[in-house]
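Take a look at the structures listed below.
You will see chain A twice below: alongside chain B first, and alongside chain C after that.
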Partner chain A sequence: MSMVMPKMNYLAEPKGLWSWIVTYDHKRIGLLYLAAITLFFAIAGFLAILIRTELLYPGQDIMDANTYNQVFTLHGAIMIFLFIIPSIPAALGNFVLPLMIGAKDVAFPKLNLASWYIYVFGSIFAIYSILASAVDTGWTFYTPYSTTTGTAVISMTLGAFILGFSSIFTGINFIVTVHKMRAPGMTWYKLPLMIWALYATALIQVMATPVLAITLLLLVLERWLGVGIFDPALGGDPVLYQHFFWFYSHPAVYIMILPALGIISELIATFSHKKIFGYKFIAYSSLAIAFTSFLVWAHHMFTSGQSELAAMIFSFITFFVGVPTGIKIFNWLLTMYKAQIDLRTPMVYALSFIFLFTIGGLTGIFLGALSVDIHLHDTYFIVAHFHYVMMGGTVIAFLGGLHFWWPKMFGKLYNETAGRIGAAIIFVGFNMTFLPQFVLGSQGMPRRYWTYVDAYQPLHAFSSYGSFILGLGFILVFVYLMHSLIWGRQAPKNIWGSLTMEWETTSPPHPHNFEEDKVLQHGPYDYDKVLIDRDEALTDYGYDTTTGEPGEHRESVAKE
Partner chain B sequence: MENEGTVWLPPANSTIAEDVDGLFYWILDTSIIIFAIVILLMAVFTWRYRRRGKDTLTPAKDHNNFLEALWTIIPTGLIMVAFFWGFSGYMKMRVMPLEGTEIKVTGQKWFWSYQYEEGANLTNDFAVPVNKPVTLTMSSADVIHSFYVPNFRIKMDVLPNRYTKVWFEPTHEGVFDVFCTEYCGQAHSEMVGKVHVLSEENYAAWIDSVSRFGEDLPPAELGEILYVKKACVTCHSLDGSIVQGPSFLGAWERDIQLTDGTTAIMDENYLRESIINPRAKIHVGYQPVMPTYQGQLKDYELDGLIAFIKQVKQQTGQ
Partner chain C sequence: MADSASHSHSMSHVAHHFADSEQQAESSKMGMWIFLLTEVLFFGGLFCAYVIFRAWKPDMFYEAHKTLSMSMGATNTVVLIVSSVTMALAIRAMQLGDKIKTLAYLWSTMALAGVFLVIKYFEYAHKFHVGQLPGQFYTYTGVEGTNPHVFFSVYFAMTGLHGIHVIAGMIAIGWLIWRTQKNHFNANYYTPIEMTGLYWHLVDLIWIFLFPLFYLIH
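Right, the complex of A and B next:
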């Protein structure tokens, strides 16, 4: 029995470029997002390599200080606003959310398409305003430094706000869809944890983004009416800007990480083939994190001259973000106990995530502790910490999710061996790049430095070499994924034997997701009751059913 | 007292550093233990429960309130230790000593200046006595900077329109790096100074000499020293190359094109105005980034600089 591509699928129907440009199909919109964020990730990643190359030695290596400052600004702004924030919710989330709850689409398909266009417009606007006025402020745009670069703060905040609007659209869509369009029988506690995470994320998006609008309004008032708000020359308070900035951007950090936690829950359950441990604890910990995320912004400002009382309160609350995060990690570990662990590429990413994200989380404790933070603030320790969380966390989870849903999205299987090697190279390269940066930082190396005192050189060089390996890893992943689109084998409905609903439709899915109306048959993690017979499908692909390893599969791919 | 740096931390050279390091290592050790537990469990389970054949049903055990309580309560307890320890250390940093040396610090693109009560006025490098508390009252002349001495474990933002304070008591003699840690533009990474910690006698002699420094030197010689000490060197070269500002080579008595369309001649008055009030006249082709030296140079020091700039012309004119 050999599988063929289902005739009626969303990739093939309807036809023509125009049908993609005006599509209301959440799956296609997800792919549009996927294409856009991949492009931005490649650009910002390339900038990162430039940064690391410049830092190989003190003094000028490949660019002068001004260029360097613009490059790291562009790297940060693109990665944060154009890549990470939309990566999981807008690209993967758009694709899987309706499928996972058995819906035909999101609640407001037109709004969904609008969000993509707003995102593209906002991205172009933001990049243009950075390039046009050669912005070199870092992605945080702190006043008053940023006000010396002409009107760039206003246009950058406007850019972030436009992008934020696209997040709000996606957020509203997800909230309403989850409330109104779940398949019959799918109660809240039968929702996959990915949905809980996306739901919590959507709440933050809708509530936090308006703060950007307020900031924007204040900036405009100051600039055009001369009301002193942030600019010390007008009697304003530059630190106030930092409060506004972080009041949005700290919750935004959780917009970036919460959906990643959702993906990991799915991967751990599916590839452990076991009922997830502590379902309710994981679900509620997402909401707890979303809630606390609004109350910790000033922990970015412990050295800004804020009052000691404020510092104490913010330090105290900050520590409590750690608890729900720890709860999730231990629940995942316990899920793996007495399980049946299948170490496929997505699972390799999930384990890699636990390793890296635990480091990211634990190093956060150093920064929450006031006296230690004074020493570490604005050093490479911070740089390492947030890369462990954002990249070791979100990007690794994103890749795990991408490899998990790839067969569903495109109906194609990628080369499993290449997948694992790619995951391993990225893991090694990542640690080589960022582990030394913790030491650099605790030794006192400040961030955003174009040059540095000689003592830091060996660790900087090591970190740079690591980043080159990391870059190669990403290129490899890109190459074999593209390869699979053309030469990959046809994927069955449920290659992983997963119990969530998106695996009950064809790969790739029907334009309306499911051919029939869905009714919930079993919970998303009922691996104690339900067994999907996927062995036949697997044998057909040359998988050895006793070891779960890919067998002649690769050769037969080569023959084709 | 321990004064060697470790892999993790630079040498601890102030009274508060030990407490900070203690907490740092406590968190590090605790984290390593927690991390080891997580990774060990993960590795053991991945190996022990690996998939060995066809899919089968797996046990339904999916919650355990005792375990959930355990891994909620233990971490909460641990972070409370970190919180209180960190807060108490922070309060020690924030309560200013009542006595000791007081220095006024100004951060400016892209150098630090230090104004002593004794009258001395220094740029980038400054000195303090060992084992005596020092209080810095800081403000910025332009954007936000941040004053950081890794070996002292202190850091404080330096803001325009507002004073912030930081204090330390050095415990060892030596020379330590001062970094700016709040991004402030092009030469942010070169906004690096040194703090010299001197013994009590050396400090007394030093402060005496810098307070009256240069009065007895020939003006041009004093100017040459100030050219480096006052950071003119970061922006003005002596060999004709253009850094941020025009080179001093052959500058004397040259015609200068100004952005307002007029011309000026580089004479004593133009020089003086350029240094005291640099925004008044801007040389065509340059950004108005030169900081003002108003209040930072005494009259005889200005004379010295002027004499020196004159001489850059003479030397090369030969």
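Right, the complex of A and C next:
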């Protein structure tokens, strides 16, 4: 059986560049985001390679100290504000959320498009600050340094301020869409866990981002008018800035990780072909993480001079974050227990995620412990911890989700072997880069330094070589995904044999998502009740139906 | 597009992705309330700064607040409350399908918002004149206590941001007037008026908190 691209699909209809520029279609907006974040990931990734190259040896290798400050600031600010925050919710989430709940679009399509333009507008501010005079404050813009440095802090913070609105608009859209646009029959407990995760994320986006907005606005006023709210020389309080900043930025960490947890739930259930274990626990743990995230911000400030009592309370509450996170991990493991696991590329990323995120999460518990944090604060241990969570967690899950939904998004299949090799290279490169940094940090290597004592050199060099491997892995992924767009085989409706609703439409989907109005037929994880024709899905792609491996008749299928 | 056009031509204001007019109106309302929540949190940061600085320097705040004109603040409070009433009446008039009354109430709301800004202008102009300016521009010498400029920093940040919201509200009301003129609304469809009304009440409400916090300290 050979397949052809469905004629009526959102990529083809309506036609022309203009139809993309003014599109209200959530799927196209998702792709616009995807293109933008890929660009920024490449830029910030390149900056990361520059950082690691500089750190190969002590002293000046390729840049001086000042340039180094600017490079790591831009790496952090671009990765956080322009890549990770919009990555899963705005790019993948925009694409899959209405499809997964059987809606024709998000509740406010114009607002959705506006959020993309605001994002582009904000990123222009950020790029301007790079070109004008690179900001050297770190992505946190701590006062009083950020109010006194001679670099373009105003345009950078205005950029982040504008980007915040983009994030808020996406959040409003998702909350209302989940509440009001679900297909008939889709009750809250029939929602895919990805939707629960995106919903919890949207709550944080809506409730935390305005506080960042006012903080950055005050920072701009501080620099511009010298209002003296954060500036100690004028009677202000720099620690207040830190409180404000982390009141947003700690929940923001969960804006980055919660949707990743949602993706992993989908991947584990789909590729285990088994009813997910503890559905309600996973669903509510997303909300529990969102709630707890608002109560722990000051654990970033244990050494800032806040009261010891406050530090103790925040340290204590921080441990609670581990509980819902642990619940998720145990439920995933139990879902996989005794399952027939289908080790396709997205599942390789999911397993990789569990390994890396567990390390990232547990080291977070070390750092949440007050006394340990005093020793590890502002060292490479922190750097390794948040890269394990943000990159080993979010980026790996993002790649898993991208590989999972790629056939749905573009109607094309990528090379499975290349996919698995890419996932393996990224896993190895990632661990080589960041595992040594835990050791460096515990030995006292401070973060944000462009040079170091000779004793650290072997571990730094090892980490740098790891980052080069990691970079190669990403290039490989990019190459075979682009290759698939042109030469890839046509994807069937439901390549993975998944039960969530987005797989019931054509690949790529109809401009209005589904050709008919959707009504829920079965729950998203009813693998025990619904007989899915997995064989059909597999033979469509020329897979051997017993092993799930690419079979011999694959080539003949392609030729038909 | 053909299929969606055929079943929605009778309800031209319902977008293709909604099942019916009710779903659309409910969605708009919920979206607006969430937006208002973000506004509250946005101002929340400033209220938080206010609380901290006032708790640190209660005497300075008390001394500095005496420079504000209580009568002007009180007048503005009344003006905004009345404008909220006229806004609510505009919604009611359109629910009854009365275009002329709706326009009259919308224009009244607009005018009252203008009055608020004019009074605010005179207050600001006086402060600029005597040097009661935020932060480093502060030159006034008549307030006792340490760092009185912080009071004016917080004052200008909060009332200034509120003033920007008033201007945004006036733009939205102007847009409503234009759309009402063009007969975009009727007794079955007046969601934008209702949504702008919600926003306007919030702007009013924020002032109702600002007025006692700055003008009525004791």
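As a working rule, the second predicted complex is superposed on the first by the 529 of 560 C-alpha atoms of A that agree within 3 Å, B and C clash if a C-alpha of one lies under 4 Å from a C-alpha of the other, contacts with A are read in each partner's own complex, and residues count from 1 in each chain.
Keep in mind that, in the parts below, a contact is a pair of C-beta atoms (placed from the backbone, for glycine too) under 8 Å apart; a residue touches a chain by one contact, two chains touch by 3 or more.
Not measured: the values here are computed from a predicted model.
Measured by the number of chain A residues touched, the leading partner among chain B and chain C is B. In the superposition on chain A, contact of A:Thr358 is made with chain B only, not with chain C. By the document's definition of touching, of the two partners only chain B reaches A:Trp450; chain C does not. With both structures placed on the common chain, the touch criterion links A:Val220 to neither chain B nor chain C. Within the superposed three-chain model, A:Ala134 lies out of touch with both chain B and chain C [touch as defined at top].
Shared contact residues on chain A (touching chain B in one structure, chain C in the other): 235, 237. Remark: chain C residues 4, 15-17, 23, 26-27, 30-31, 34-35, 37-39, 41-46, 48-49, 52-53, 134-137, 146-147, 149-150, 153-154, 156-157, 161 touch chain A in the complex. Those residues of chain A that touch chain C in the shared complex are 103-109, 111, 168, 171-173, 175-176, 179-181, 206-211, 213-215, 217-218, 221-222, 225-229, 231, 234-237, 240, 244, 512. Those residues of chain A lying in contact with chain B across their complex are 65-66, 69, 136-138, 142, 144-145, 148, 232, 235, 237-239, 272-281, 303-305, 308, 311-312, 315-316, 319-320, 322-323, 326-327, 329-331, 333-334, 336-343, 351, 354-355, 358-359, 362-363, 365-366, 368-375, 377-379, 439, 442-444, 446-453, 497, 525, 527-529, 531-532, 534-535, 545-548. Those residues of chain B lying in contact with chain A across their complex are 5, 7-10, 16, 19-20, 23-24, 27-28, 31, 34-35, 38-39, 41-42, 45-46, 49-64, 67-68, 71-72, 75-76, 79-80, 82-83, 85-94, 142-144, 146, 148, 150-151, 153-157, 159-162, 164, 177, 179-190, 192.
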